[in-house]
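Scrolling down, you'll hit the structures one after another.
There are two complexes below, and they share subunit A, which is joined by subunit B in the first and by subunit C in the second.
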Partner chain A sequence: MQKEMISMWQAISIIVLFLFGSTAVMGMNSGAGHDSWIALIVASLFGGVLVLVYARLIRLLPGMDFYDMAQTVFGKIIGKIIIALMAWYAIQLSALVLRSFSEFIQIVSLMETPQLVVMVTMLLVTGYMVFSGIETLAKWVMIALALTLGIVLFTMIISIRQSDFSNIFPILEHDFSTMGKATLNLFVFPFAETVIFLTLADSIKKSDNVYKIYLSGIFIGGVVLLMLFLRNVLILDVPMQNEIYFPSYAAARVASIGEIFARIEMSIFANFVLGCIAKLSICILAAVKGVKKLFGIKKNGRTLFFISLLILVVSKVQFENVMELITFSEIYPYYAMPFQIAIPILVWIGAEIKMRKKSRK
Partner chain B sequence: MWIIFLMGEDFMIKSSLKENKITTLLSESLEKNIATLKDIFIDDDTIAIRFITNCHNTMLKYCIVHNDGLINASIINENIIKPLMLSKVELSRGQQIDILIHQVVLINQVKKTKEWQEIIEAVTYGDTILFIDGESEVLILNSKGFNIRAIAEPDNEKVINGPREGFGEALMMNLSMIRRRLRNNELKIKFRSFGKRTHTQACICYIDSIVNKNVLEELYRRLDTIDIDGVLDTNYITELIRDSRFSPFRATGYTERPDVVVGKLLEGRIILLVDGSPVALTLPYLFIENFQSNEDYYMNFYYSSLARFLRIFSFILSITVPSLYIIIVAFNQEIVPTTLLTNLVRERMGVPLPAVLEVFVMLILFDILKEAGIRVPSGIGHALSLVGGLVIGQAAVSAKLVAAPMIIVVAVTAITGMLVPRVDASVIYLRLLLLILSATFGILGFISGSLIIMTHLLNLHSFGIPQLTPMEELKYQEVKDTFVRGPWWKMLNRPEVLTKNKTRLGSEDRGDCD
Partner chain C sequence: MIKRVVSILLILALCTLLSGCWNYRGLNTMSIVAGVAIDRKDDQNYQLTVEVFDLAASGKESAGKSQIVESEGKTIFEAVRNAKKRLTKKLYFGDIQLVVISEQIAREEGIQDVLDWFMRNEKARETLSTVISQEKTAKEILTASGVDHKIISEEIEKILDADNRTTASTKNIDTFKALNILKGQKETALVLPAVHCTDNQGKKVVEVNGIAVFKADKLQGYLSPEETHYYLFAVDEIKGGILTFPFEAKNQKNQDNLSLEISNNKTKKSYSYEENRLKVFLDIKTTAALGEVGTDIDVSKKDNIEKIKAAATEVFVQRLEAVIKKTQTEFGCDVFGFNTMIHKKNPVLWSELKENWNFYIQTMEVEVRPELVIKNTGLMK
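Here is the complex of A and B:
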């Protein structure tokens, strides 16, 4: 069978949707209040630097995914350890996305439906999408991205009347350490999570410019996030925004033009579902690939089934309630950084050395 | 007439195959051959056998065999029997077959054969078999002449502008209509036969320099695997060769119009025609073809583009309207403006069923009505519309069995569904899937359902070609004939996924524009 390939724009769309998939609704409670948008810009700059490493890695070892890269650079045993770690990260991330998603659903929409039912439904949908392969997934992501961007623009336009532009002042009222922490939060979630995309790197055409893919993905995603954040702040103002778990949802609730375009939070809801499913299916795809590589399994369907079950269990067992989820998000940066930064940089250095040696020979 | 013909054929071959595999060869003795023939066609009284002797040389004995009702009697009388009886050509028993072909029989198509199987197929297709005493070969003479339906405009593909010709049931007549429109040597027409018992003739047409050779190869590969006893319509073959067999969507196109067929051929598609069916199969099939109509190309492109857009929009509406109604009524009342909401609530007061069940009942009732409308003899169709419209519509509302908005929802669903008849069956299933999901999970279920449908659509392939065009980058030449129908002077290329030979228009015609 021919290998599944995705085009450059599809790759960029995957990164963009990945970036603001869950962020769009979870909002960016970075802790920096008014200045979150500055933190966001700085974080996206750092993100841009980090993805240069990722892109360099893909350039060094083209046509491979991250799992293959680890194995070529470090040999079988250490490679397998790295694969196991990354696959675990993918599973953990999926579980996290799934859990925050089902919490969101329970709070805003289906109060009496058990979370388990929602989770299983989601996993069935993502399961079908992952089973269809990355080509279908990428095409779908392009459509979903167009939809979500359309909704973001639409909500921005109709909320102009409710926006108060003085809400962004004062600028830079926080001290350096708060800003640093906010930047770190935003850097880890969502920018550095694009490390997952490394595991799909084998589907990029060799002729495409990886730097361009990664950088424009980060750039477009950053701009969209900035717009989202500004919209929320302009409508809700900061004290309000920090109180609410799902600021985008609340912002859309306020926005209205006349009688007809009122109460459009359903569109934000749709946005969130689209983004979450995209992020979830990309993570699951990465996890399935990793587990298949780790144990040398060929069967796609069964692996997918068991990974989905595992994600379900992890997301259910991981946290007792929504408070634990939020507490975890405070330590999440330190937990995720090894996977997002340490391991890729390790593999990158190894790959550089290996390539130097090879070219010297 | 036609049905009788088909059934007769079926019956005959069944009886002959039941007995043996017909291993006996033709012998030189005329009597022996006729005895074998009678044995093969035992209990079949339509087979006519007639012995002839040349009046100048009584040593020359012949026998002609044909199937009554499939032949043109005057051809047999004038062009076969008369020359054979009166021929003064020097003939000698045992070495006359070639001279007969060249100098005696006045028939355009003549074929020699030794095979009984071939004889059976020829007789049952209206040919006349000439048995010659002293020869171990027979001649198959073309004498077909059965009644066929006249050329008429197909009922389900009517147009206001453009050609009105439609295919009939006879294969050769259909081919003539295609050939007339494509007068070049690149149109390839290949015959094949399907059905172990019906031996139905089918033919595959394509334009050699445009067609995608991979698709053609794949088609032949799949056709080779067909092992069915009868083919009465193109759909028999469609279902046997299609991709993703469980999909409710089509993987091959169909049309009854020669102009459409030629249009498809020119875009690099392959046509499959089956004798006895006016429906031509076109492949590969892109999803957008569900929304295309040949009339789009015969009318002003502004109007066509609007119509195209309306069709796509109706397709979406037809799937989503009932579930959106449920979401609004049962889950997210807040998005409805207050005045409308109070009206909705007032209408729904006193209605016994929950909205979901109401939608289900009404949708199923509508489908029952539709099916009844198709099956009912035309004389009592009037009563049906009365019952459907008045009783189920108006009376149900005034009796407070269903809410009035429900009727509107069902009506919109039904009418929008009628705009795109090619996806009719699939729409019903998708609608129900979405309805069930939305009724359970609200907007979440609706989005999940749409995602499943979307993924399914993106997964669809037709002969290795993705049915929804790859949307890598939106180029004008890719979308010119999808959501809009571009003007002819802008349709420079053929659809990229279908063929490698792209250029359709030499260069943009700047003659009378600008």
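Here is the complex of A and C:
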């Protein structure tokens, strides 16, 4: 099978849509209220630093995805353990995204449709996407991103009339520890989740500047999320933003210009669907790759099927209801950090040492 | 060839099957709610009066009629469901525009719990208006007859919507913003429009009548339409309205005989805090047209205009200060939202003043610095 390659802009689009994915509708409730935009900017700066590590890793061992890198650096046994851990993280992330997506659909509009139906339909779509390979995925993501950004711009223009610009004041009212916690939350979800992209690193052309890809992705994604957050807070103001589960949706309901451009919340739906498909496809692709490497499977289809089933089961089993999902997102930073930071940094240090040894020879 | 046929058939089949939903809800099985009135029936139950768009009766001739449905229940949600016991169709709240709450509920229980269901429900709009009924029950508001609209909820909502541009006698507020104030800015006193019934050609019609002032979420008192007019100046929400004032020439009874039509207004709030006393400055710049001159005076002469301006400004300041005094003594809470002014500009100072905010409101001095520009006097001199 010929190696599939994606261009630089495709890679950047994938990162941006991935960042946008589920954050946009779940909202960026970070506990810092109206100062969350500052936390968002700081978190994206930290994200920028972290992706420098990722990009360096890709530079050191080009043409390999994260699983191969782990095995090259640490040898087969420890490498396989790392592969298993990262693949598990990809599965967990998919399950989270899938669950929040189906909860959103069920709570907000299709109350009588069983969640299972929504999840299965989603998995069928993403399964087909993954089956078609990363090139198809990349091409689709570019179109989806254009649509998504168009909708974001549209909703922002319509929201101007309802925005109250004094809602951001007073700036920096919260104390350092609240802001710190908020920054941590926003850093882990969504910026540090770009670690998944490491597993697709073998599709990046060697001639492309990986640093540029990663940093542009984080920057553009950060800007879009910032605009979204400002739109939400300027319309809704903090108390409602904290209480509502899905602030973007509520903001879109309020925004209107006259009677014609009212009730635009369906566009938020479209955004969420597109973002979720993208995020899910990437996570499932990462998981499938990992499992294939782990067990030495060559065929694509069957692994995909079983991984999708596994994600479905995990999705259903992990929470009983939406409230538990929200509670989980409070401890999620501590759970995710080993996967997002510790393991990549370990592999990076190992790779640096190995490269030094090699160049000394 | 066969492949093509099969793929086209498949596409058609998929489009038909996948573009559907799990189930459907036909329009003829839904009763679209326009407005709800909430009363307390007895110790246990709420009584809901729901105004529903009457789709069967409205056609080409009539603009739209409404039906009234009553129901009871221990909570709002239960009352809404109980309505199904006497309706063939289920109530659909997607288009609801108005919630009327009776004075009794507002005084005794508070409105926050009552409004909870409307916000939690995924169908009801956050931008619906909440009003307080000054009649004995909220039901009387919805069962009155409208002057030019048969559907009372829509009529009230449209009156409220256009109000600050035309009569400036009440304040319209989206319900989610009201809840923001109740949950977030606890120091601001919530104000909601107040509605009552009056007589119009023998029929009872609905009229907006000033605002209702709350402390936390319980009703405290009302401001009359005229007082609300001046209140709106202080919070910078005037976009229109008429200011009347008396002018001395030939005016023995000191009646208001001149009318200024406000076309534009900008109020800038600022404050100074010294020695534990708060002083608020209101810089009010108004552009108005002299719409009615009920006395014999040549308004094309500059001196007369200056005299009129002076008289108008004096009366304005007097009345505004009277309203502010009234809110300070009678309500003792921050009706004007001055706390946000301090909070947003100087959070450090705000955290000091926060605990005793009501004390500062009651002892604050307000200085009004108005500036009036009269741009024209209509068609005549």
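Please note the rule applied: the second predicted complex is superposed on the first by the 361 of 361 C-alpha atoms of A that agree within 3 Å, B and C clash if a C-alpha of one lies under 4 Å from a C-alpha of the other, contacts with A are read in each partner's own complex, and residues count from 1 in each chain.
Throughout what follows, contacts are C-beta pairs under 8 Å (C-beta built on N, C-alpha and C of every residue); 3 or more make two chains touch, one makes a residue touch a chain.
Everything numeric here is computed off the predicted structure, so don't read it as measured data.
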Combined model on subunit A: subunit C and subunit B, fit or clash: clash
Partner chain(s) touched by A:173 [first = subunit B, second = subunit C, both, neither]: second
Touching partner for A:209 - first (subunit B), second (subunit C), both, neither: neither
Which superposed partner A:239 touches (first subunit B, second subunit C, both, neither): second
Which of subunit B and subunit C A:327 touches, first, second, both or neither: neither
Subunit B versus subunit C as contact partner of A:107, first or second or both or neither: second
Most subunit A residues touched (candidates subunit B, subunit C): B
Of the stretches 204-212, 294-302, 438-446 or 492-500 belonging to subunit B, the one that collides with subunit C: 438-446
Subunit A residues contacted in one complex by subunit B, in the other by subunit C: 109-110, 113
Residue ranges of subunit C in contact with subunit A within the complex: 21-23, 122, 125-127, 174, 176-177, 179-180, 183-185, 340, 343-347, 350
Subunit B-facing residues of subunit A, complex: 7, 9-10, 105, 109-110, 113, 118, 121-122, 124-125, 128-129, 132, 136, 139-140, 142-143, 259-260, 262-266, 269-270, 273-274, 277
Subunit C-touching residues of subunit A, taken from the complex the two chains share: 107-114, 117, 166, 169-170, 173, 236-240, 243, 250, 253-254, 256
Residue numbers on subunit B that touch subunit A, as the complex places them: 331-332, 334-335, 337-339, 441-445, 447-448, 451-452, 454-455, 458-459, 468, 470-473
